[in-house]
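In this document, chain identifiers A, B, C and D correspond to the written order of the chains, with residue numbering beginning at 1 in each.
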Amino acid sequence: MMGTLTSLSTVRAKARPPSVFERDLSVVFNEPVNGEYVRLALAAPSHLLERCRAGQFFHLLCPASGEDKPYLRRPMSIYGFFPKQGELHFLYKVTGAGTRALSKLCTGDSLNVLGPLGVGFRIEDDWRNLVLVARGVGLATLAPLALEARNRGRHLTAICSARSHDVLMSLDYFAEMGAEIITVTDADGTSEMGNVEKIIKRLVAGRGVDAFYTCGSNRMLTLLQALGQRYHIPGETALEQQMACGLGMCHCCVRPFRKAGALVQLRVCREGPVFDLQEAMPW
Amino acid sequence: MVDLSVDIAGMRLKNPVMPASGTFSEDLAELFDIECLGAHVTKTITRGRRDGNPTPRVCEVDGSMLNSIGIPSKGVADFLKKTVPFYRAYDTPLVASISGNTTEEFATLCREVTVEGVDAIEVNVSCPNIEEDGKAFAIRPSSTYAVMRELRKATHLPLWAKLTPNTGETSEVARAAEEGGADALVVANTLLAMAIDVRTRRPKLGNLMGGLSGPSLKPIALRMAYQCAKATRIPVIGCGGIATSDDVLEFLIAGATAVQVGTATFINPTAMVTIIADLERRLEVERIASVRDLIGTVADGEQKAAVVFMEAAP
Amino acid sequence: MVDLSVDIAGMRLKNPVMPASGTFSEDLAELFDIECLGAHVTKTITRGRRDGNPTPRVCEVDGSMLNSIGIPSKGVADFLKKTVPFYRAYDTPLVASISGNTTEEFATLCREVTVEGVDAIEVNVSCPNIEEDGKAFAIRPSSTYAVMRELRKATHLPLWAKLTPNTGETSEVARAAEEGGADALVVANTLLAMAIDVRTRRPKLGNLMGGLSGPSLKPIALRMAYQCAKATRIPVIGCGGIATSDDVLEFLIAGATAVQVGTATFINPTAMVTIIADLERRLEVERIASVRDLIGTVADGEQKAAVVFMEAAP
Amino acid sequence: MMGTLTSLSTVRAKARPPSVFERDLSVVFNEPVNGEYVRLALAAPSHLLERCRAGQFFHLLCPASGEDKPYLRRPMSIYGFFPKQGELHFLYKVTGAGTRALSKLCTGDSLNVLGPLGVGFRIEDDWRNLVLVARGVGLATLAPLALEARNRGRHLTAICSARSHDVLMSLDYFAEMGAEIITVTDADGTSEMGNVEKIIKRLVAGRGVDAFYTCGSNRMLTLLQALGQRYHIPGETALEQQMACGLGMCHCCVRPFRKAGALVQLRVCREGPVFDLQEAMPW
């Protein structure tokens, strides 16, 4: 209504090209990685892939399949984005109606995606030695960090934790990206926090650590927060929350964060899913 | 060329499709040019800051969703400083949604958002009235009338009263809102509902209960829109489960002058764009010159006389 | 062996699963042995003959249905002569559903169906009260209390009051029913809704409006069952969208003592048989000795105190 | 509760074996007949097929398919039942969500059916010469009457009406069953009521007519009612109504009928779908 009056003073959002895409993408493959996880590759245009960053996610419109009629979209971290091959990858765990329906997709089927969404991982210019600590599905979120680290010539150590060796995923992926890999498992008894702490302290004492990254484990988060404070090492963590819109409109996906001594509610889909390590709250 | 424009209490909308409060924000401008919408409706704000409800704030139910966001708000100052200027970049009318827990607080906020750049005020009278027993103003005709009368005094802008489906007296509440000074009715907000995770035995919402929205709500909201259109002479804006141009036609035919799209945007963020395009095409194909020719054309024949009776005996 | 039996106001049911009124009849015995059910609940009858509403009486909405049957009835004489004797061949308790448009008619019918072979009376107070404004008795606490008090005088049989979701005062109505003498609450009947065929612009139901039932109703009925269980000390029988053993668990955990299955039987006529078998298996697997151990075990912690407030602010 | 008291006096319904079946049947074929109609064959056990009668119907649980998510079952007349081949046939017109979903079924898919339901056509012992008048989808309902007429050694004349010759269906079927076929079409101008009346009068005057059967056309119903009254020929008609349960429980599917001077509401699924010709009301 007041358009003519004000359009000079404000940069109209509508003038900008869309930075988030809603697209039907076609399935390249959708294959089980082990008994629990499935890897999904979609054919995607390069202008979409070029906007992707490690830590960002897509909101997937899982199709109805048999008894499963998922209604809301499902958030899924970018597991890999390969502009040259024109592929967008996800790694997901089959847990409920949405992921079960997702796991039924066949090569050539189409899947509606919305993204890339949210804020990805930061890698500051002076962060040379990166350490990521991942467990379970947290790996899916952290894996593309290895890709970015390689692209930017940083050294990355990936501490990968799992119940046992046969459910340890993405080791090849990390290896391919030139990451140094340390595996710990419940089966070996190596995954307990005391041991992980020892490993990290050794890294700090050795080549040094400029930044921590984690996702998916409360205990890891707490450990890294303690080590980060002790050694003054910054870090980031990716967090999850139930979502509706994925775009910042609905305020469903908030979590509390410590900011300047106060608790503030931030949207995981918008201000996150990647947050400052120290500001995050264990859940 | 078909004419999609409608008139809501003296305000011309280029088309009858606008977002529902709380399911729209500046963020959507990243996906498409929101200038295409009939109006911009902001998330309900309260005067002061509020955090909203505990998480999880959303859960899925069979083909629909529940939410218990609880009106987090950055307060009126932030709204005037950031939200209003953002939308002034658009020609599309801006509708500010407000809420308050007491009549006085509500009226004060109403006065405060009566500023240049705001074209109408949607009053979310589905919020609890803590001066009575905590039930929403719009559950009863008396409290609806009382709050509307005070809000009417607080602004010269068009006032849209947003009604709740959690009542057995839809027609009476609609009339009370009209008598209290509402220029239009938004019908309706979410319906109180609940879901429990049978594995953990915990409520699926952090707040225990929440509001049902999406397709499941449509037949209920449509019934209410019809009742409100029959009960009053002010325009009705239909809202509840609208996801397609067919849904829009259904509400217009029932008596609504315009519609709001909420949850559908979460599923398909460009839903409103698609709906507007489909609506235009439909009218062309069916050779209907103006969308206004559809309003209230439901063939309810002899039936409409018995509406009250029917209300009780399905 | 797990124990599926529950107690409703002194009446022992072998399991908590029974049909909802109007969605069950002798005809179902052609498909399976209806002796397996927790109770038999008959279609609501009125004293005199009634034809019911014009057709179409049913239509489909997104994942659910609307109906406007309108309580056709062959009258009480036919009920006593044919229906009651049919069910006397079963050990399963028989629950007679009745309705009336005035308190007196209602009470007379209540007296008339108090016969050997009828084990409890479900009073459909969701029907219109023509002595007031035609709204259902159970929309307001006052009319609920008034009619229940008279019905209570009319019979020594257990009285189950069947509530309506078309109200903003579920807890208050539940308490009024209890105070008026109800021994149990059936929660809930269908929700008033509407659908229009956009091609013909005609209502999809011959009666213009009708009642929503099926999956869409579940989160609303569950919320009501929870509210009623909190508000009263009498057993609650959950009803609305129940189709699986998970749905039954959800209602029991919310506070219901038993459940009724309605629309699901139209989709899968053997739904109740499957549900009972699944329920038994679930309890075995989870090593729960009795279905009664589940009732009201929802982990509502600190939240429950704020229920009224929440009602209004989803 | 009173079981022991009364079980002697009443025959318990539960003692009887089920007379209606709810079964998943597998699709043998599901092929278009012309642009509008599809023929569906299901593999069915003989004990089910042996209970089928012409005029009865099944209530089909159409599966969700793409955007179409039919919720209620859809009633469909038995088009053919062949205990020897073990097949149950339907002929349906694709009109909305349910039949659209049905038309997507492939050989080997399974479909949940409920039936046989309702009351089929009567053929009294002294009805030797039968005449059926069918139009459109009414054919699907009337076709198995030809099968029963042949099995019982009756003479059947089938007057088949359609818009044009290429949408005339089931002629082969009728021919195979030894029926005499008379075709009338809008295209030829032969389908108008005056001509159909003339044809029927000729049949009455010729070998005689003992019973009329019709379905699917209001005008045909009215015509046959008039001719039936005039020549004192009994008859039956199959009717449709929106249904929920299909079993007689919900009272959704009533229609008004003239019985002894009064209008009574009868359930199409239970007292029908076949009704006395004279009692039926044109709609």
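FYI, a contact is a pair of C-beta atoms (placed from the backbone, for glycine too) under 8 Å apart; a residue touches a chain by one contact, two chains touch by 3 or more.
These numbers were taken from a predicted model, which means no experiment stands behind them.
S.K.: Return the chains common to the contact lists of subunit B and subunit C.
M.R.: none
S.K.: How many hops, at fewest, get you from subunit B to subunit D via touching chains?
M.R.: Minimal hop count between subunit B and subunit D: 2.
S.K.: If you average the CA atoms of subunit A and of subunit D, how many Å lie between those two points?
M.R.: That gives a centre separation of 59 Å.
S.K.: How big is the gap, in whole Å, between where the Cα atoms of subunit C centre and where those of subunit D centre?
M.R.: 35
S.K.: Distance between subunit A and subunit C based on Cα centroids, please, to the nearest Å.
M.R.: 47
S.K.: Quick one: which residues in subunit C touch 2 or more of the other chains?
M.R.: In subunit C, the residues touching two or more other chains are 61-64, 67, 69.
S.K.: Scan subunit D for residues touching two or more other chains and write them down.
M.R.: 69
S.K.: Could you tell me which shape the graph of touching chains takes: line, ring, star, complete or other?
M.R.: Shape = ring; chains linked end to end, path closes on itself.
S.K.: Please give all chain pairs that are in touch with each other.
M.R.: A-B, A-D, B-C, C-D
S.K.: Can you list the subunit C residues touching subunit D in their complex?
M.R.: Going by the criterion above, the answer is residues 22-35, 43, 51-52, 55-65, 67, 69, 72, 85-86, 88-94, 116-117, 119, 214, 263, 265-270.
S.K.: Using the touch definition up top, name the residues of subunit B that touch subunit C in the complex.
M.R.: Per the stated touch rule, the residues are 61-64, 66-71, 126-130, 133-136, 139-140, 164, 166-169, 190-196, 198, 200-203, 206-212, 215-216, 218-220, 222-223, 226, 241, 246, 249-250, 253-254, 297-300, 303-304, 306-314.
S.K.: Considering only the defined contacts, which subunit D positions touch subunit A in the complex?
M.R.: Residues of subunit D touching subunit A: 64, 69.
S.K.: Over in the complex, which subunit A residues touch subunit B? Could you list them?
M.R.: 1-7, 9-14, 16, 18-20, 22, 61, 69-73, 97, 114, 241-255, 265, 270
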